[in-house]
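Per-chain residue numbering starts at 1, and chain names A, B, C and D are given in the order in which the chains are listed.
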Amino acid sequence: MKIYGSGILKSMRIAFRNMMREPITVQYPHEKVELPERARWAVAMNYDEQGDTKCTGCIACERACPDYIIKIELTTAEDRSKHIDHWRYEIGACMMCGLCVEACPYDAILMSHEYELARTDPSLLSIELLTDVPAAAITRRTSAAVPAMPAEPPTAPEGGAADA
Amino acid sequence: MALDKLTGEHSAIFIRSEQLFDVARRKSLWYMAFGIACCAIEGLMHASGPKFDFDRMGVFFRASPRQADVMIVAGTVNWKMASTVRRLYDEMPEPKWVVAMGACACSGGPFREYPNVVMGVDKVVPVDVYIPGCPPRPESVQYGFITLMDKIKAQTGERLAAARHDGR
Amino acid sequence: MNAWLIAVLRFLAALGLMLFNGVVMIYMLRKVLARLHVRLGPMDNGPHGMFQTVFDVLKLLTKEDVTPRAVDKALFFLAPVIVFVPSLMAYMVLPFSRTWVILDVPYGLLFYFAVMSVVPLGILAAGWASNNKWSFIGAMRIVGQQVTYEVPMLLAALPVVMMAGSMSLSDIVRAQSGTFLWILPRWFAFNVPALVLFFIAGLIESGQTPFDLAEAESELVAGFSTEYSAMKFGLLYLAEFSNVFLFSALTVTLFFGGWQVPWVSADHVQWVAPIVFMVKTYIGIFFIFAIRGTLPRIRVDQMLATGWKVLLPAALAWVMVTGFVIKVGQALVGPR
Amino acid sequence: MTVARGVLERAAVAASIETVESLGAVCRVSSSDARKALVALRDSDLAVGFLVDLFGIDTGEAVDIVYHLRSFARDEELVVKVEHGYGSTLESVWDIFPAALMPERETAELFGLELAGHPNPKRLLTTDGCPPYLRKSLVVRSAEEVRDRASQHVDATSLDRTAGSLAGGFAEPGVAEPGASLDATPIPAPKPLPVPRGLKRAPSGVDIENSDRLVLNMGPQHPSTHGVLRLILELDGEEIVSGEAVIGYLHRGIEKLAESRRYSAVGTLLDRGDYVSGIHAELAFALATEKIAGIEVPRRANYLRCLLGELNRIASHITWYGPMGLDSGAMGPFLYTFRDRETILDILEDITGQRMMFNYVRPGGVVNDITTTAEAKIRAFLDEFAVHVDENDELLMGNEIFQARTQGIGVFDRETALGFGLTGACLRGSGVDWDIRRDRPYAAYDELEFDVPVAEEGDVYARCAVRLEEMRQSARMIRQCIEGLPEGEHTAKVAKVLRPPAGEAYGAVESPRGELGVHLVSDGTDSPYRMRYRPPALYALQAGEAMLPGLLIADAVVLMGSMDLILGEVDR
């Protein structure tokens, strides 16, 4: 026969058993959780060995972004080389879905592990990742070395159904 | 007149005591449990859950706006919700702060194309700290609170400097 | 020394103890709940977060004291005081040691019950004056709660009075000295049904889980204190914790030998007696908090049913059983 | 299909019936015949007693109202389409299928139709003055507009405090006044279903000044309404006389915005619909897209979908279980289970990259393969979880106080549960043995072994018990997935900018809340023409709303907790 109240006592026993267990708390400002490699936080620029940007200004990311948070302002010189005036990134509206990084054919941007993004100034919700730098030449494509990234330029596979 | 200089609103004594109380304000930020959307799971539930434990920093939740210091706007605010957010903000006692958590509260986020969505909760209530991310990690929220604490400290510092300037 | 001065000093001692207890208990609550829930609780402010509650109180002192337009102003201000004062008065009769008792009245137990029955009145006033529907429902629940616990609690304490033969709390403690059955301390706690009934009724009285209906957070937002802010809320909060302390202290006094240490003669523990009393009380508080962190809340109609259909008949029956056993015992071995 | 034709002919309803491969039989009837056709279909030997979904599609010239029906007896799907001109009157079918109550209101307001014969014909999601958002003619903000935040000037002090109030609504002449009783507009119903007491009269119609009753406004900011649900309760003492759920405080246009997103980006929106089980919503959309585009998904991808789906199901059930404990007043369960949820989110972050908004399942497969570290973490988690789930079971379910709070509260019998369109654990708690994973297998579920827990009582406790057992079954499936993970590709070859051919499909998954369906209409471009998200929580909410009368406030909280509402999904 089940005695009324035995369930309550069992609940208390479980609570005390948990009391004996080690707390799993990570004391954040003093110690930090290690993020997995794939973790996606704020978009950051990827630079090559010389410290130059890999961005060619192809605006594949701008078109892939569902939230219209990336805005690249370019000027094209006479020899068709591009110059990036502003590479605007509206961090305040970014949902960190990674579609821009997937779309980038040149491996020029990456999802960083920077998650301490709080700020008090609303004007900082929109930042510039690149200002007034020459864009990388299209020939210097590095995407072949990174198999995880889709290799085609964004304009190539337009049209066609799933079997393309 | 002299007494006013000693204990008035711009007197050094008043500001000094303010500074003392500001330590208390900084260390005991009770937030209002007011989750709107996805961010509530991360910013309110997980952040006060066992792993991240907001309680460590003296950040504790109260259900009633009358007893809260901070309002975490955790989620998308649309026009149906906006008046409620404003009303809850008005109900909170001074001094009060607002934390806009997540992309939606900062600027409308992924949904700002939709005309029914408010493009950032700062259109409705004054915001002190913006936390980008969708949703931000619980640590991001805790970092946001550390930023808020710094801001409170800086505010008092400014007032103290102003009082010194006046006294001179 | 001047008798008036002594009276004032005693009053201040009670007030100081009450405030100190409140601060310590809120810290303890947060720590106990944290450990129960595999967390750490306050850590950053002071060593292991010890100053956390101090900061909380300081902050509450400086918050804006909101008085909503539609409240009943007089009652709204008076209510926290009505809640606060009775629990301060109840401190007066607690025997911390043989001599450390602020007001050693011969009917201490009765005084305690009489004073504590005013607390729900204050909460009712708070809920009514707030002019808030949540507060109002919370206040109504408190009234139901009071009629539920008062009678069973008194009846559950009656066996102790019968065994001790006195209503003075000091006498009740003294009656629990010595041992019986060779090794067991002569604690009235071995009158288990009385203890259980008293404990349940006491949980209802102090409004602790599973009977925290008046400020049921998930149902009534913050219950009767919904509209209170700043230090008025602080007073209400403090009074709640003080009631928990009082209940635990009374349980210790009635059932666990008060300030006495088992197997040691009362004369040898005179100096540590208050500490023993506090330790015992805080162990009781720990259990109350552990229950608070674990059990679900009972529904209001179920609480009434528990009070009237279970606690009251059981307490009545147990009074009769205890009386019978005492009489039989006296007939067999003669009066003590 | 032939049966449906016969039934409609007998009822003298002119209908054109065609079979769409990925949808089932599609009958098109005229708007005047719609009610007759639905009654005939329900009462015939076809016995389509279950309204899966009701929604509209703007075809450019008119609005197609789609009634998606299911016959459990014959295990058949049937779609009835009715064309309505813009601004015309939509006749309510709530007395035929009570499940239509809220979807009808939503469809009417979002397509700008009028609603007739409805007990509560008010706006559901938006405030007065909002345009019909789902019309094709209404365009969303442009890229330039969204980038320019400063352009939106709002005077915060002038905010209309009554916005969102229940005054007004569809006050066109000829339509019943808000709160008017149903009896004013009698509709002949051949076989009346049990009408819940609460529907007769909405609390918003109560004159607060002159009533003996207390009208209590619970939410949108309330600790236990799980987000921004607002309940208006008319109370007699603590007993609820009538109750009404007001939603729309989180309406953010997921269905509308999907029409301007590429197929690969729709998942980001769906993640934020049902935000505690994003994988399932993504999967439903991927299934629908694959049906239209005819994409074959590799076996490994299917297994990964199951694996992540079941992990996500446990995580989601935890966000039900913990708050359920909080609702009933117990703090412990919340914190103990969130310990497990942290572990799961850790695993999910390892595999997908984010803790909640995965953007992981895409048409054709999944984005990334599983990592080796995640595999080890999953195994460790399963061992730990087996202990914890038993503890949780005992902690809450075995507790007499919790039993007293939940047993016999909010009972849905079989009929009511089916009538209100309940799915998932709520339906199984009422004794209907239906699980899409088993009865309409998708991904790799036909290769996995699992039991479908069913309880007969239909009360809050039964639903809780079913969900707890589901967690155990999920753990079992995760182990099978991880042991039997086949080799191969994790995604099929899919064009980067997917343009499926024009078509229509319905993809359904068993999400933690029930049947999560995506009804997708494609027009051959790179974004969907119309995407309908069937929110199981919306159907659960309206069922819960109907159950409110007669309960106490405390019961209402527990009842709403047991329906497992996620407001992001309810409002979309």
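The working rule: a contact is a pair of C-beta atoms (placed from the backbone, for glycine too) under 8 Å apart; a residue touches a chain by one contact, two chains touch by 3 or more.
A quick note: this is a predicted structure, and the numbers were derived from the prediction, not measured.
Undergrad: Does A-C or A-B have the larger number of C-beta pairs in contact?
TA: Answer by contact count: A-B.
Undergrad: Please work out the Cα centroid separation of chain A and chain C, and write it as a whole number of Å.
TA: For chain A versus chain C, the centre distance works out to 55 Å.
Undergrad: Measuring from the mean C-alpha position of chain A to the mean C-alpha position of chain B, what distance in angstrom results?
TA: Here the centre of chain B sits 27 Å away from the centre of chain A.
Undergrad: Cα centroid separation between chain A and chain D, in whole Å?
TA: Those two chain centres are 30 Å apart.
Undergrad: Report, in whole Å, the distance between the mean C-alpha point of chain B and the mean C-alpha point of chain C.
TA: The computed centroid separation for chain B versus chain C comes out at 36 Å.
Undergrad: Mind pulling the residue numbers of chain A that touch at least two other chains?
TA: Those would be 8, 11, 14-15, 18, 23-25, 27, 66-68, 90, 93, 95-96.
Undergrad: For chain C, write out the residues touching at least two other chains, lowest number first.
TA: Answer for chain C, listing residues that touch two or more other chains: 34, 36-40, 43, 217, 221, 293-295.
Undergrad: Going by the touch rule set out above, which residues of chain D reach two or more other chains?
TA: 146, 222-223, 268-269, 332, 335-336, 339, 342, 357, 395-396, 399, 401
Undergrad: Connecting every touching chain pair, does the picture come out as line, ring, star, complete or other?
TA: Per interface graph, the chains form a complete graph.
Undergrad: With touch defined as at the start, can you tell me which chain D residues reach chain B in the complex?
TA: 125-127, 130-131, 133, 140-141, 146, 149, 152, 154, 156, 159-164, 220-223, 227-228, 248-254, 256-257, 260, 268-269, 272, 275-276, 319, 322, 334-336, 338-339, 341-342, 345, 355-357, 567-568
Undergrad: Under the definition above, what is the set of chain B residues touching chain A in their complex?
TA: 50-53, 56, 103, 106-110, 112-113, 120, 122, 127-134, 136-140, 142-144, 146-148, 151
Undergrad: Mind pulling up the chain A residues that touch chain C in the complex?
TA: Residues 8, 11-12, 14-16, 18-19, 21-25, 27.
Undergrad: Chain A touches which residues of chain D in the complex?
TA: 143, 146-147, 261-262, 264-265, 268-269, 293-295, 332, 336, 339, 342, 346, 349-354, 357, 359, 363-364, 367-368, 371, 373, 391, 394-396, 398-401, 403, 492-501
Undergrad: Residues of chain B touching chain D in their complex?
TA: Going by the criterion above, the answer is residues 32-38, 40-42, 45-46, 49-51, 63, 65, 75-76, 78-84, 86-88, 104, 107-108, 110-120, 123-125, 134-135, 137.
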